[in-house]
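Take a look at these structures.
First chain A sits with chain B, and in the next complex the same chain sits with chain C.
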Partner chain A sequence: MSEILLQIDGKEVGATEGMTLLEAARKVGISIPTLCHHEKLEPYGGCRLCTVEVESRGWTKLVVACVYPVEKNLVVRTRSEKVDRIRKMILELLLAHAPDAFALQDLAKEYGADKDRFEKEASFCIHCGLCVRYCAEVKKKNAVGFVDRGTRREISFIPEIAAKECWNCKECFPLCPTEALQAAFVLTKALFSPPHPGPEPRG
Partner chain B sequence: MARLNSPEKLEKVRQKILSRRDPNTPCISICAGAGCIASGAGEVIAAFKAEIEKQGLQAGVNTRETGCPGFCERGPVVVIYPEEICYLQVKPEDVPEIVSQTIKEKKVVDRLLYVDPTTGEKATHESDIPFYKNQVRNIIGSNIKIDPKSIEDYLAIGGYSALAKGLSRMSAEEVLEEVKKSNLRGRGGGGFPTGRKWEESRNAPDEIKYVIVNADEGDPGAFMDRALLEGNPHSILEGLTIGAYAIGAHEGFIYVRQEYPIAVENVAIAIKQAEEYGFLGRNILGSGFDFTVQVHQGAGAFVCGESSALMTALEGRAGEPRPKYIHTAVKGVWDRPSVLNNVETWANVPLIINKGADWFTQFGTERSKGTKIFSLVGKINNTGLVEVPMGITLRDIIYKIGGGIPGGKRFKAVQTGGPSGGCIPEELLDLEVGFDELTKAGSMMGSGGMIVMDEDTCMVDVARYFLNFLTDESCGKCVPCREGIRQMLKILTNITKGKGREGDIELLEELSEVAGDASLCALGKSAPNPFLSTLRYFRDEYEAHIKQKKCPALSCKELIAYHIDPNKCQACMICLRQCPAEAIAGGKNRIHVIEQEKCTKCGTCFEVCPPRFGAVKKISGEPVPSPIPEDARTIVRKSKENE
Partner chain C sequence: MDNERIDQIIDKHQCEASSLIQVLLEIQSENHWLPKEALERVSEKLQVPLTRIRHIATFYKAFSLVPKGRHEIHICMGTACHVRGATRVLDTVQDLTGIKPGETDLELKFSLETVNCLGCCALGPVMEIGGKTHGKMAPAKTADVLKNYE
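This part shows the complex of A and B:
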């Protein structure tokens, strides 16, 4: 496969066709923050934290590094005033939901994000979808999924599948950047534990 | 019906249909579009059928249930051919008179005609009514002429002749060139050049390609695609098939929202008929070209109007947009090249092929060619669908066609482009309507929603309304959209409730920037537009809400109070009796006073106070005057004094 040369933060970087900007950058030790990325999973482009600036054919645009494919002669800036501003705001928005998540706190420090900027609505889950996608793509079980949409979106275990599959797996737990997943599982466990024998049917 | 295997056979069938039809036979066309059905067209249709039978006229009179001609404000709409007499707001009880007068005696029933509210003049024919007179109805004009369930009706007005022409006399490349030459731009919102999209798909190496109709119309107040799909489904199929031929696709989809049951039904009937006649299926009209179409019903998510979300839903998965740094024209449904065009875009295709790109480009402006259908709604006299040449001014649409603002109110703004669009103020009413012009003004063409607002509309509340809509309709996948819109809505809601704070505007601007720059799809990227455009033109309203806790339009409930002017109150008891909260103190000959702590601000007193008194006032941003003392409340009537 032919090598594609591009420039990331002023550095000449060689990549192969089909690689994403994130992969090319990480290969040479340039770090780009991510929350929803996992190397075993299809790129998702949900958290938008890996937004970078690219310059191609005279145009500058903002793209997400985890999805954007490498291109010959592309000029990539992983930090800029604009990029930093976007990351700061994304972190502040997420900190309203998971103010105590270490993954967010570390990034908040780097980007100067104020965890109290928005009113707290502690739902803990930041909808990165790692658990949902890992269960679907790697384990192929679909025991956990998203329900509803928009601001009402939540993760939820599917009791019928989770009752069979989750006890001995729990591989998604360490993926969760906020530990919300564990809470959701505990709740579901309570809900789908075998029901108490009900009253005898009348008749 | 045997499949037609050549353009010549099609022409023969067409001539046979026309020869059976006497243009002088009276025909009663009744709009059976969703709007008129909701206004009782079903009963009117039944009444006509019964009356014709009762008067023994079955042999000499036809009735036709047609698609929507656009004048929804005055539905049910009835047009009598061949004279083209147009009756509006027809009720079942009008039917016997229409049949005995107009059909039998050839006399016009005056009271059912359109009356111009300014001149008082009556208009007998559809084409005399100002609402229609100022339109150019290239596309929607056929709706009233055909029964959408009848392929014969479509053939009678020249249907499928463009397909025959394309397949027999033009190469696929020539069809593509003609569409490119027409400069047709996508009618669904983005305004992307249709021909370029087609070419991109055509040139994509994959052998399997798809064409798709986007009928997932979801903008609040927009219904032009519904009217086309309901009213003239064959024209959409014909356009789609021509497009498939140009691109090299053999399978097509119609993605239509299930909330459009009449459209779903009519398009399914049309597909079946087209298959029987040989306009779909194998070897269409003997050309060797194969093409099939399936209907896919959307489950009611606004975001599925976005191309990548629509395609994901079409594949049977949850309708979420996916990042597309490669166009869907190259990598779309099941990763195959897929051309997705809006209903109205497809509807233009047969016209372009039949009449040529040069005919098409005579309408419109330099960069926006052809006509565009808008759904004109809100505070406007003539609500309905209007088709106008691009380049017409907003003023002409609103005043010449729309008939202006009802109730003598003042125009304030027009919202175009749906939730992704923006509000355009009075000083820009002479703006020529076109893709680039609207974008420059901070709004967009969108799919053609046009919501007119008058002086009573609060622009902060308008922004709040659209953000609220988007909170429900965002798919929730990406952070800047899901969380950004959530926060924007919170701030806007606070402002309309009088809880706005210094710095709110700046924070909204910052959230807008991030949502606009970093969201995954067009929904999130354009979500701040309702805020940004209202801020651009009505910043003073935002500031009044935040700084003075005042709603200049007197619309935000939490910021207004009702007050009865003691000098004007005639103690007529009307408001006092009608107040549902029993918040009005007073009595006969006792000046009425609103007890503010009991008032729910429903506005009933304001509405019922006789205009000649005009005693009830709405106030905002200032303290409510203290009630006049009890002993000063008695009214001594002059007439009584003299007795």
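This part shows the complex of A and C:
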């Protein structure tokens, strides 16, 4: 396969076709923060934290490193002022949902994000989809999925599948960037609450 | 709705997983809601995981996972209808049926929803029941219209 040369943070990087910017950067030891990325799973681009600035043909644009494929002669900046500002904002928004997540707090310190900037709406889920995708792609059990949309979107286990599969697996718990609280809680709820026809009716 | 009818609908779409939404829409329009058993049947026949079906069924407002009444009332709350007194129409319907927007009565006769524009502002205030549009509504007229539904 032909080698593609590009520049990341001033470093010349060789990559193969089909690689993402994130993979190319990690290969040469440049770290880009991610929350929804997992090497066993398909790229998802859910958290947008790996946003980087890309320059090609004189134009700069912001792209998500975990889904953007490498191109010839790209100039990538992973820590420009603009990128840091965007990551700070993303972290502040995510912290409104999961204020106690250690992974988020560490990143917040690095980017100077204020966890009290936005009113707390602690759902403990940042919709990274790691548990949902891991269950579907690696375990092929599809015990957990998203339901509803927009601000009401949440993860939900299917009790019938969960009762059979989840006790011996629980592999999705440690994946959670918000310390596994949410998946454990939702699973328990799915298994121990009396059956009802489906998610609560929408208002 | 029995499994036989669901199978018929699925067969009509050649058991294609890509026809999932069409299948769900047909079940929804015949049955007025999507029971869990129906979703399980569809999941089995189309080889689509139940999590995915649930994701789709909760995403689109056209689908309902709770029983709906035989007649679905949509009351337009758009700007044009609003200034022409849609709130009063809504209040009357609520009084007559005893249900609030988003609810269904116990006999499964009516379901009530508010919508934001039905696209025929000149007819405002507009009320739509089971796909039939009733224009220029007034509280008294509302009662007459509702009487015609069994």
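As a working rule, the second predicted complex is superposed on the first by the 179 of 203 C-alpha atoms of A that agree within 3 Å, B and C clash if a C-alpha of one lies under 4 Å from a C-alpha of the other, contacts with A are read in each partner's own complex, and residues count from 1 in each chain.
Basically, a contact is a pair of C-beta atoms (placed from the backbone, for glycine too) under 8 Å apart; a residue touches a chain by one contact, two chains touch by 3 or more.
Remember, predicted model here, so these are calculated numbers, not experimental data.
Considering which of chain B and chain C touches more of chain A, the answer is B.
Of the two partner chains placed by superposition, only chain C is touched by A:A136; chain B is not.
When both complexes are overlaid on chain A, the residue A:V75 reaches neither chain B nor chain C.
Of the two partner chains placed around the shared chain by superposition, chain B is the only one that A:T51 touches, whereas chain C remains out of contact.
By the touch criterion defined above, A:I158 lies against chain C but remains apart from chain B after alignment on the C-alpha atoms of chain A. Of the two partner chains placed by the overlay, only chain B lies in contact with A:F118; chain C stays clear of it. In the superposed pair of complexes, A:V63 makes contact with chain B only, with no contact to chain C.
Within the superposed three-chain model, A:R149 lies in touch with chain B and with chain C [touch as defined at top]. Across the superposed pair, chain B and chain C both touch chain A at residues 146, 148-149. Within the complex formed with chain A, the residues of chain C that make contact are 35-36, 49-52, 54-55, 58-59, 61, 64-67, 101-102.
Residue ranges on chain A touching chain C, taken from their complex, read 132, 135-136, 142-149, 156, 158, 161, 197-199, 201-203.
Every residue of chain A that touches chain B in the complex is listed here, in rising order: 43-49, 51, 62-64, 67-69, 82, 85-86, 89-90, 93-94, 96-97, 118-119, 126-127, 129, 146, 148-153. Listed in rising order, the residues of chain B touching chain A in the complex are 301, 303, 318, 322-323, 325, 470-480, 482-487, 490, 510-511, 513-514, 517-520.
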